[in-house]
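The following pair of complexes shares a single chain, chain A, combined with chain B in the former and chain C in the latter.
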Partner chain A sequence: MLKELLDIINSIRKNSGKQPLENISETTNLREDLGFDSFDLAELEVNIEDRFGIDVFEKDIPISVSDILKKLGR
Partner chain B sequence: MKFGKLIIDGETCATYSDLLEFVNSAVSYRPAMPAESPISFIFNLVTAIANSCSVAVSDALSSPSQFGPALPNSAAASRRINNPARFKNTDELLRALKLSKSKIALFTSGSSGKAKRVEHSMGTLLRGLKESEAHSNDVWGLAYEPSHMAGVQVLFQVLFNGNAAVNLFGKNRKFILGAIDAHKISHISATPTFYRLLLPADKPHPSVTRATLGGEASIPALYLQMRKLFPNAKITNIYASTEFGTLLVSDGSAFRIPQNLKKLIRIKNGELQVHRSLCGSALQCRFDEEFAITGDMVEFTGSGKEEFHFVGRSCNIINIGGFNVNPEEVEEAIALEPFVRAALVYGRKNSVLGNVLCADVVLDSPLQNAEEKLRKSLAQRLQQYKIPRKFNIVEKLPTSSTCKIKRQRTYC
Partner chain C sequence: MQNKTTKNVLLSGASKGLGLCICGKLLKSGYRVYAISRTLSGHLRELGEAHKGRLFFKEVDLSDPIGAANAVFKGDFIPRAFPLDAFVSNAAQSYEDIVSNIDEAKLEGMFKVNVFSPMLLTKYAIRNMLLNRRPGSIVHISSICAHTGYKGLSMYAATKGAIESFSIGTAREWGRRGIRSNTVSPGFMEIGMATSLSDEDADKIRRRNSLKKAADPESVADTVAFLISDGASSITGQNVCVDCGSR
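Moving on, here comes the complex of A and B:
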């Protein structure tokens, strides 16, 4: 699961001209550690929904990778 | 009025004295001004207006051709000011701004696929100005692009009350929440997307006494969460546009047309329409009788026909986190690539931005890294918010019975 999220995150980073990450952890903060802005987060939402069929941003904006994993039920 | 700090942008601070000195030493100005930084933007804008010169403002990444034939086609070009005005003090400068004969051109997404130029006088831009002693200690957070209508209006509100403004545009959550506390920001005007990204409310920020939402349809659930973030704030919703400026203000998500505007604003077939007399000079505005068609769809709330809320847009303009995007403009930019046969750009519902921009693209022949190439070339031609965040390489696009590309006309 973490590997799949890392792939999605790296594809967004690549689109923004950023270097790919080798790994992420549950405590990785989406905005402060990854530097994601609102457009990056929107892209993250779309890609996670396409991959897992769940809108993890529907009720509130996840702060960390752990928040996403919880919403995905993992 | 006491005039101290004007704009705080990270570590840089410009004061009202700096502004006065700049205007008093200016012999030229930039008539076509992209918003590279809020400080240089407002200094140039004030210089132009103080000298009753016409000025066009747009995003930092706008194409110079957007500025139109009446102005130099290079955003970097300067124009000499004949007999530049000089002012004894800031009060005198501000008085001159109000009396200025300047025409200020702003740009918005037009329905034809080209950016629409809208020209305003100071009179129409200052229509929503609230100027009084009660506002003299306000500290503003600048959450809009300064060159957009909402950003310009915040800047004027700041200037004419001698306030300070802290640049929050494009900053991350940690910076913004830190700046609110550090500078004791009291007023913020921003899109629902901006506030949504400040959540969850880890702790209250008591300095904020007024938080205004605009630019997108907002939902009541956001108000509840915002109250935890800004417990001392009066939260209001505003309806404004580049063409009309500020028109409606409400304390909740529902609006009503105020008594003095009842003959000038109407709802026809579920769409808000605004009388010609309230418009700036928008050459490409479409009219129904004497009323401009806004494309903003409303739904009445409750049993009466007095209160309503906005549900989206009737035309093909897509609202992406408060930025209006015309999909045809993006499709044209994609079609410039020699390896592209056709493209369809559309909005997809999104919990972060309201909509996220997507593109289905048909290639002439299979090509490796087509998406990457498209993103790179679009970055040279379009503002960042107009670049689709999701590309799908498809075999063909949906077509209607007349073989036209089928664009879904949903509210977006």
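Moving on, here comes the complex of A and C:
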């Protein structure tokens, strides 16, 4: 699961000219550690929805990787 | 086998009037059109037969914004991974009366069709473009009455003013992802909603513009086709009046 999330995150980082990350953890903060802004987060949202069939941003915006995993039920 | 270079356009209100004209223009220009409307008209069916494999239709009721967005984007009509290149929001309804007679239920119904549904469809169109990394184009059909004012059309004009502001914000917000948003404001046309006008009122409106004639729907459709084309790649956040010089 973390590997799949990392692939999505790196694809978004690549799209905005950022270097890929080697790993993420449950405590990784989406804005502070990944450097994601609202538009990167929107891209993360639609890619997670496409991959897992769940809109993890529907009710509130996740802060960390852990928040995403919880919404995905993992 | 679908041609991967053919661009995909979602078009609302495609069954009649200006929407039918835009649909015909886009098909002739080589686009693949995903048309939505309350009902499938005979004219639209004929267009589909003349352009086999490039026109797809779904009955959608825009008076239910969430239901409409789900019908278009949450099923197999436009699946998430199917890349959308453009959304042309044309469907609208007109509730005409003078301001002192405003009926709240009719007002709310019109805002659902003319504002809330186009906004929600734009939301999912942008999400589709983001997922598929498409520099998409959005065109909302507004109306010249949002700029000039006409007796009996204040509430209708307010819906168009709202969508023009929404389009400007969308353009500013999503330009960074290559997504453009523009509006087209047709003047009085001798089709669709304008046919409910009396001959006297229609003549009065014609006399107010520079060219002294009704706006040609083909000219409006050409403008829409241009705005979603690569030729308009530097145009966003704009409103184009196709109104024979009404201001």
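By our rule, the second predicted complex is superposed on the first by the 74 of 74 C-alpha atoms of A that agree within 3 Å, B and C clash if a C-alpha of one lies under 4 Å from a C-alpha of the other, contacts with A are read in each partner's own complex, and residues count from 1 in each chain.
Here is the rule we go by: a contact is a pair of C-beta atoms (placed from the backbone, for glycine too) under 8 Å apart; a residue touches a chain by one contact, two chains touch by 3 or more.
It should be emphasised that the depicted structure is a prediction, and the values quoted were computed from it without experimental measurement.
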Contacts of A:23 with chain B and chain C, given as first, second, both or neither: neither
A:15 touches, of chain B and chain C: first, second, both or neither? both
First (chain B), second (chain C), both or neither touched by A:39: both
Chain A residues touched - chain C or chain B, whichever exceeds: B
First (chain B), second (chain C), both or neither touched by A:31: first
First (chain B), second (chain C), both or neither touched by A:60: first
Common ground on chain A, meaning residues reached by chain C in one complex and by chain B in the other: 15, 39, 42-43, 45-47
Residue ranges of chain B touching chain A (in the complex, touch as defined): 170, 172-174, 193-194, 196-197, 199-200, 225, 321, 348, 350-353, 356, 358, 372, 375, 384-385, 389-390
Interfacial residue positions of chain A with respect to chain C in the complex: 15, 39, 42-43, 45-47, 49-50
Contact set on chain A toward chain B in their complex: 14-15, 31-32, 35, 37-39, 41-43, 45-47, 55, 57-58, 60-61, 63
Complex contacts: residues of chain C adjacent to chain A: 80-81, 127-128, 130-131, 133, 176-177
